[in-house]
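Two complexes follow with chain A in common, the first pairing it with chain B and the second with chain C.
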Partner chain A sequence: MSTATTSNSPGKWVVLPHYVFAALAFVALSILLLFSTDAFSGHYFHPKLLTLTHVAALGWATMLIFGALYQLLPVVLECKLYSEKLATIAFGFLGAGTILLAWCFWNFELGHVMHVAACSLVISFILFNINVIQTARLAPKWTIESDFIVTSAIWLLVTGIVGLVMVLNFTMAFLPVEHTHYLKLHAHIGMAGWFLLLIIGVGAKLIPMFLLAHAESFKKLNWSYNLINAGLVFFIFDHLFFHTALLPVYAGLVVGGVLLFMLFIYETSKTRQRHDVDLGMKQTFVALGLLVLPIVLVFIVSSKVALPQQLLSSVYLVYGISVFLGFISAIILGQTFKTLPFIVWMHAYEAYVGRFKTPLPKDLYNHTIQRWQNISYLLGFILLITGILLRNQQLILAGAIGFTITSLLYTANVFQLLMHKVQELKPFSYGNASV
Partner chain B sequence: MNIAANTKISALIKENPAAIYAIASINKHFEKLRNPVLRKILASRVTIADAARIGGCDIEMFYQKLEPLGFIVGNTANTDTLKQNTMQTPETTTGTQPAYLAQLPEQNILTLDVCEDIATGNDPFLKIMNAVEEIGGNNALLIINTFEPTPLIAILKKKGYSFWTDVKNENLVYTYFWLEQETDEAPQTETIKPAKNSFEDMMSRFAGKVKRIDVRAMEMPQPMVTILGELEVLPADEALYVVHKRVPQFLLPQLEERGFNITIQEVGPNQVDLLIYK
Partner chain C sequence: METQVSEDFGNEVYETLKYIIDPEVGINIVDLGLIYSVSLDGELLEIELTLTTPGCPMSGTIVNATEQILLKRFPNLDVKVNLVWSPPWSTEMITEEGMRQLEGK
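This part shows the complex of A and B:
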């Protein structure tokens, strides 16, 4: 009967395909990783590494965030999603663009196919922006979380446009400075502007909610927003026009913002009423812990420290990996099992609640598989990072195997959830029994 | 069990299944109750007063049939609550055709005949709700049915639809639904309807008849499961007082669909009190 409700949540055919695509992209990512162990010994501008980064950033993380946001926006903003149709079209463009772009990078084919891929991604981001901004305009009240989410969507579009310009530059070469210069811009707008702001915005709402805690004050969150955006804007202008040595200062602003967010979560969690922490939340805390690595490395990356060239290359790689395969992947692995079960449960049981004994969201997936997923993830990540720093291909391969196991366990659990069939329900009341 | 005009049919059946046969024997309109599917659809949405109007008989008829089964008809003290509750059920208008309908061209009226579904025991609810989505600013929906669809009218009226019932004969009722222009915009953006009565007013109305629960220490979706579970067994003239952390977005549409009203009072940044009643 869910089609007949006036619920704010969008239809499941809008949300769930994103989760399917993201899970499969995660499997593809880890299989590509298995075949890329040779790529980690050199410069980060390597076709295989570019493929991996874009599969991770677009197919895995952005895809999942799009899907989750369509479900969460109505909860965070307390209004209906502006357009389900736009969401579906954006899904098509994002999916097609990601697959094409990955294929182009892997084969290092920089021609028309790549132009099509980049355009399709930018179209997807434009549609996503329209949907998010229009939804935010419908919202009855504006909160700091809305600031984070809307701003992050705009940064995503900026990232996409910079990417498109770089793709065109491959064949037309009109940009004044070398390519890796813009790559840094593209990567940092994407990492800090899109992923970091979005995760903080959504996390600030969801983490206290799952802990049954409440925020006393949003001051820290406000400052977190100001610092991260200020750092990012200063960085962009400096990087494009001035080329000063102040980059660590801007990095410091962003890091300050992240630390304020962590403090906000810490203070809020002191008021929590729930003390048994489930696996999804444990993994989320692991993800927040993993943030320490990029926070430390960003200062090395942004300052001109005199390190041996080879070590510096490895540090760059570890920095990128600690963001995409570390923080972002870890938080997705945890939060998927906090959000997806609830979405599936809502669609299946919404109309039966109170009238029948329904299972709970946590009964819809396998906790043992989830436990092993978390373990193999952490092992895989540590092995991979160690392998890259020590330039040991065996260790890198071991790390890739860890990720492959993680992705298969994750996908198995996600599909078990998606295939969930409504069970025979035992009625509470006599009114439904056959006479 | 004490009964009154606002007692739900499902509550009667739950108390004593023999009530099904007692009501069915009143007249052939209630034969539907023998069908388990229809009973599920109708019984939880209809009160004795609603049923009496659907069946075109007196409430007294129900009391006569139910008293031998051990049901106690509420004394005169109940007439007060009775009055308040019958205000919730829509007044049917068999009078003149409203101006809006009269000026509407024939082709702008979508027709849905559910007589066959009712006869064969299929729940036409989803079919109807799908058709309802087709209603725009310049057309209307006509539902052809064997009885006046009281529960449907209650649901759609809350969503801002106007209606008009045209009783063709004892077994054929035409019900029209349409959106008035001025009510067009409001229900689109607003999911929480501002309560007409203040929280205190409603509290005093249900004084002494309020059940209180605190769902703040429950994880999602337990608050919703608990609240809807409590409402299922809540006597019709009582209210449920819920202490919650936030305005429950997923609960509101469920309440609306089940015909409950809600009054909301924001106590602080992390506490919202809800009063839910029929």
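This part shows the complex of A and C:
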């Protein structure tokens, strides 16, 4: 039997600030949503909507994913993180870039501050790429999960570069066609290339791990990877150079990849030994269920369906929201409570385990708050998209209130975890071992 | 579970290790099937232990916990914990008691 190494986890000051920033960004996002109900009746290229999208995509989702990934990368790739220093610097650039960009979009200031913001973000993504790629190179074996994660990081950088080019174009106007043309490119590379590939890559490892299940075969995951990337590359070339009517075909490739991932999870979960699914995993399954909405809508937005212009604008908005506030937010709300309690627990109790009775990670946060967080989230989401489709501002406001409640409950629980103090521990008394 | 020590002593070791709970699963490491072998060579108590997944972030914690609890329970012995990946852990290694707990019975 070969002897293995011990823990690869990075320091808590590398990981935890990302969770703090993301939770506060989620609160900020919800409050901005409360003040943006009027913006949903127009075009998606609206300053308030651009602000909301970038706070959601960068401050909330990407920030949390960066933090979680620094913790999870060693789990998935089975090696230490390449550089904690790079991670900390990337955090600084991502945080500063997000705040500046949100301020610029909200006030529609398209000048130098926005250039600085976009450059900060691209620097952050470059540093993140170096860290991810170098960590993957340290891994004892290259797996399909490595493919997903490394490729997603590269797509994030491409998304950032396209964004930077668009920001420069605001003041220099050098791009040959209108801005929204590139916005579609920017958004889809971000959604399918960065978020989708990353979530699939990490989810393929973590979901079976949390369910105590094992994968029989990785063929479906391999095909999922190939289809999503093929769909995205075809889409980019077509959108830039050819302008054919084949967009639904490319969307079909990406959707095929997503369905294969879902099939992989379904088949793997049939072998699971763990049946007491907690609230974090339930929310994760809700997130996977919510993927149905963008899967259906992507065919509508990529086809030239003859719909009234107003309805089409609403469908575009619901499509974007179903990705950022639907799938991605739902999965973060669930997975935060599968990862953060362990990180906090490990740093608080590592020195005491084996000598004293310690609480378990699941004892460090409030499950009732988590339940209400999940309920208010789902209600908020349903109300919001219904309000957008019906162009009803009261419903949109009700949805925004739902999201605000969710963000406050989520943040309260996250801060309860982060402020956790080690309790007075009792030493073991042998003879009555029990779980 | 391969025990290369007397049955009584082996049982005592396993009972002691049942105090260590896998923080994610919530089941002790013995019933989860993570202890591969217990052996005693003179005053050296050696444990071979695995984890549910090779990249487990709890590896250091569980190894430390195993060492600490055995040193406390058997202060006259030296303790060495070897983290091993072969054979890889699978759910078939969970004991009947562990399965009962997983099913929430």
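Going forward, the second predicted complex is superposed on the first by the 421 of 435 C-alpha atoms of A that agree within 3 Å, B and C clash if a C-alpha of one lies under 4 Å from a C-alpha of the other, contacts with A are read in each partner's own complex, and residues count from 1 in each chain.
To be clear about the criterion, a residue touches a chain if its C-beta (ideal position, glycine included) is under 8 Å from a C-beta of that chain, and two chains touch if they have at least 3 such contacts.
Bear in mind that the values here come from a model prediction, so they are computed numbers and not experimental data.
Q: Touch test for A:Q71: chain B only (first), chain C only (second), both, or neither?
A: In the superposed model, A:Q71 contacts chain C only, not chain B.
Q: Pick one for A:K80: touches chain B only (first), chain C only (second), both, or neither.
A: First partner only.
Q: Go through the superposed model and pick first if A:G354 touches only chain B, second if only chain C, both, or neither.
A: In the superposition, A:G354 touches chain B and chain C alike.
Q: One more residue to check, A:H214. First (chain B), second (chain C), both or neither?
A: both
Q: With the two structures laid over each other on chain A, which partner does A:H275 touch: chain B (first), chain C (second), both, or neither?
A: So A:H275 only meets chain C here.
Q: Kindly classify A:D38 by the partners it touches after superposition: chain B alone (first), chain C alone (second), both, or neither?
A: A:D38 sits against neither chain B nor chain C.
Q: When the two structures are overlaid on chain A, which partner does A:F342 contact: first (chain B), second (chain C), both, or neither?
A: A:F342 sits against chain B and chain C alike.
Q: What residues on chain A does chain C touch that chain B touches too?
A: Correct list for chain A: 1, 3-9, 74-75, 78, 209-210, 212, 214, 273-274, 342, 345-346, 350, 353-355, 360-361, 428, 430, 433-435.
Q: Residues of chain A touching chain C in their complex?
A: Going through chain A, the ones touching chain C are 1-9, 71, 74-78, 209-210, 212-214, 271, 273-276, 342, 345-346, 349-350, 353-355, 357, 360-362, 428, 430, 433-435.
Q: Show me the residue ranges of chain C that touch chain A in the complex, using the header's touch definition.
A: Interface residues on chain C, with respect to chain A: 15-16, 18-21, 23-28, 31, 36, 48, 52-69, 72-73, 82-86, 90-91, 94, 99, 101-104.
Q: State the interface residues of chain A toward chain B in the complex, per the touch definition above.
A: Per the stated touch rule, the residues are 1, 3-9, 74-75, 78-80, 138, 209-210, 212, 214-215, 273-274, 342, 345-346, 350, 353-355, 358, 360-361, 428-435.
Q: Which residues of chain B touch chain A once you look at their complex with the stated criterion?
A: 10, 13-14, 17, 20, 34, 36, 39-40, 43-44, 125-126, 129-130, 159, 189, 191, 216-222, 224-225, 227-232, 245, 247, 249-250, 253-254, 256-257, 269-270
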